[in-house]
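Order as written gives the chain letters A, B and C; numbering starts at 1 within each chain.
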Amino acid sequence: MDKQKWKHYWRVLSSNNLGLFGVALLVIFLCIALFAPFIAPFDPTERVGSPFMKPNGVFLLGTNDIGQDIFSELLYGTRVSLLIGVIAALISIILGCLIGVIAGYFGGKVDSFLMRLVDLVLVIPFLPLMILLAAFIGPSFWNIVLVISLISWASPARVIRSQVLTLKTKGYVEAARSIGTGIGVILTRHILPGVIPIALSQFVLAASHSILIEASLSFLGLGDPFTKSWGTILYYAQARGAFLTDAWIWWVLPPGLLLTTLVIGFAFTGYSLEEILNPRLRKER
Amino acid sequence: MWKFVTGKLLQYVIVIMLMLTLNFLLPRLMPGNPLVFLAGEDVGFMTSKEKEAILEKHGLNDSIVQQYGTYLKNIFTGDFGFSYQQKRPIIELLKERLPWTMLLTGLGLVLSTIIGVLFGTISAWRRGTKTDANLLTMFMFLSAMPSFWVGMILVSVFSAQLGWLPVFGAESAWSNLKGMDRFIDIVKHLILPLTTLVLISVTSTFMIMRYSMLNVLGEDYIMMAKAKGVKEKVIKYKHAMRNALLPVATVFMLSLGFTLGGATVIETVFAYPGVGRLMFESVLSRDYPLIQATFLIITFSVVIANFLADLIYPILDPKVGKHNG
Amino acid sequence: MSTVLSVENLSTFFKTDKGIAKAVENVSFSVDEGEMLGLIGESGCGKTTVAQSILRLIEYPGKVVAGSVYLNGKNLLKATDSDLTGLRWREISVIPQSAMNALNPVYTVGDQIIEAILLHDNVNKKEAVERTKKLLELVGIDGERWKSYPHEFSGGMKQRVAIAMALACNPKLVISDESTTGLDVLTQAQVISLIKNLQKKMNLSVILISHDLPMVTSICDRIAIMYAGNLVEWASTEEILKNAEHPYSKALLNATPDLSNPEREVTSIPGSVPNLVNIPTCCRFHTRCPYAFDRCRQETPEFKEIKPGHYVACFLEEEQNG
């Protein structure tokens, strides 16, 4: 990818307040995740206080049902949400790219078969399917990543396929094909550079979906029992009835707000990336 | 048109067969004792005679092909198996729970579609204005919120703190309300879960409607209608809306699965006695046959609803409706 | 012959992020009864904006900032919405750019023509259907096909439907805005000759907007040439062909091959159209004009009559003829 193009993208992105805001949010969360051990006052797995304590000078957001510090739990939870979101999105985008490029480039029977497959996957109610799979293969970090990415590749695949179809009709690709350039060279030199920006914006959007899905699974008690994510915190808050007491303000509200902010960070970045890469959208505004 | 419908039908048959096969294979491929997956974790407390009966019923001693045949036969005769935890045939449980889910998701879909279409249209008509920007931001925030959390917050505020609405369930237990009183009771229980469901599923309709309306408003036939002297209201509702709704109909079908999935989580928060809550309960108690049955019934519902929507679509779009051009 | 439409000093500007784009400035011309006027220029020169201004279809961020448009003595730019409803289609109608997209895909073509008839003429549904069938036959389509949807027609037929629709309420003036875009050459020729025939038959006034100079010179009575938002020359077709005055008109004529004189060299016009955003006062053609001198860069030449019926906006002519 040439430098000029990226510089141009960056200029458009930075002239776009929404996108800049999104990127800023992501950077903040990344810092929290990286430096959690330094910021957090306690080890979130240790019982450091008595159960169900109200917020005070020591425990900023009180303690949970077994006396762990909720504030520290939240800081560490950033790691899980971010990691699962990014890894699951990465795998599903790679899958989506692979299938999208194959379908778009080779066309014909391969294309119609793969697109039928995409249609099939899109019809399946994915959250129940994930619950089913997660229940059977058991809750663990990698299982959740696997389950999410197995189901979320379909719609990126479709977007990438249509991008490949447009690229294929571009003069330089047709020229390369007509002079007998090998498939590998065409794909890496001509098709992939055009696909990567789109894949990037799809990746960002997929990450925001993955984070929400992980939260839902954890909330249903299907999260990794050894790594506490924000969804897991809410699962315990629900199970212990915290949302029916005053504790909702410090136990229920903060994890959800963090989830929302993180997802918004990804979504804003993603939408403005899309706007940058799709000049037609930009004009319409 | 028939080609279109049969094509879709084939696709749905494949989806159902795939999901049935997955369901058949899951308990048999998992490492460990298949009995656990076929009967739930209560297997430990069973006598060897009972275990023998289960093995017999699922034909686990037969070849895999025969097992598959038995499995399909059972499903298609409405025999979803037996929940050893709840000590009842699964089909009975489903029959009890399904109406509540249909009530919740049906209303949720209708409301979120209407609201999404309405606001999407407004946003598109006022493109580039403050109203448009505010609506866009608001709906983006809505779609970023975890559904269960929205539900929990609503319960905290409106039930626990303000005490306006009931905390959980679909109706008051042991109250023996009749007629109008029962209806009001059910509505009161429905308000919060329904609101949650609408809040989390409205954004996709809004986004699509806005985008599609923007495209349609730029079309030459809208300009043409204006040049013809057609009144603005007629242009908006007759000429623009009809066209802009086409992609919404497509998204409506895709969002069926999403809405039902969302309902699973929301029913859990509100202890709403639907299929979704049943799925959660069965996950908690690792009642595997019940997990599978609830998943199957949700898949069936999505596929049937999709198919119904496919039947309606040609009426909206003449290009699909007639094929003689 | 009486004047049907007269456009005086029309200016239409668009607000953009970078400033005001003067898409159309100070444009004046008129159309007589039964006349076919060709409005010609490169794409992006403001032809369509002129048409939309006349039809009152300019929307935000665009605005008609000055001028008047008289249709049979009534100023269209001052007409109220209800006046407009009365005028549209009965007095003035349009065959739009690319008729392919001008028909609403979810309604039958008949419905769309009937809609126009019912809106403007006091007839019942049955009479409207009858008239629709006749209109379709007028443009060479089986009247019974009024129940067909647009996608069931070919491109050329859709174009004919759009013509039928434009004629639905017997308008005095029809604006054809590059109506043959996207059709193959043969179909284009058929559609154009259909418009010409109907114009004669119904004594219509037509403004034919196009970038195809040979086509326009072959069928139009008068020609108006636009460049970058200004009208540069307006005269009878014969006069333009023989005595074009403006350097742009001449260049345009030289840029098209002449079948009767194949020896003549075809030359393209060097340079490109200026950006119309915040354009300073000048002759807009000066950047490409081989004869440009200082005055062209500082003042805008007036659009004035140099011979009866021949209007030009150029300082060169002024210098030469005093």
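Throughout what follows, a contact is a pair of C-beta atoms (placed from the backbone, for glycine too) under 8 Å apart; a residue touches a chain by one contact, two chains touch by 3 or more.
These numbers were taken from a predicted model, which means no experiment stands behind them.
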{"item": "Chain-level touch network, classified as line, ring, star, complete or other", "value": "line"}
{"item": "Interface ranked first by C-beta contact pairs", "value": "A-B"}
{"item": "Where chain A and chain C are represented by their mean Cα positions, the distance between them in whole Å", "value": "52"}
{"item": "Chain A and chain B: spacing of chain centres that average the CA atoms, whole Å", "value": "23"}
{"item": "Multi-partner residues of chain A (each touching 2 or more other chains)", "value": "none"}
{"item": "Chain C residues counted as touching two or more neighbouring chains", "value": "none"}
{"item": "Partner chain B, residues of chain A touching it in the complex", "value": "116, 119-120, 122-129, 131-132, 135-137, 208, 212, 215-216, 219-222, 231, 234, 237-238, 243-245, 248, 252-253, 255-256, 259-261, 263-264, 267-268, 271, 284-285"}
{"item": "Chain C residues touching chain B - in the complex, by the definition given at the top", "value": "55, 57, 84-89, 93-94, 96-98, 101-108, 115-116, 119-120, 148-149, 151-153, 165"}
{"item": "Complex contact set, residues of chain B against chain A", "value": "11-12, 14-15, 18-19, 23, 26-27, 30, 37, 127-128, 140-141, 143-150, 152-153, 155-156, 159-160, 167, 214, 254, 256-258, 260-262, 264-265, 268-269, 276, 279-280, 283-284, 286, 288, 291-292, 294-295, 298-299, 302-303, 306"}
{"item": "Residues of chain B defined as touching chain C within the complex", "value": "219-221, 223-231, 239, 242-243, 246, 316-319, 322, 324-325"}
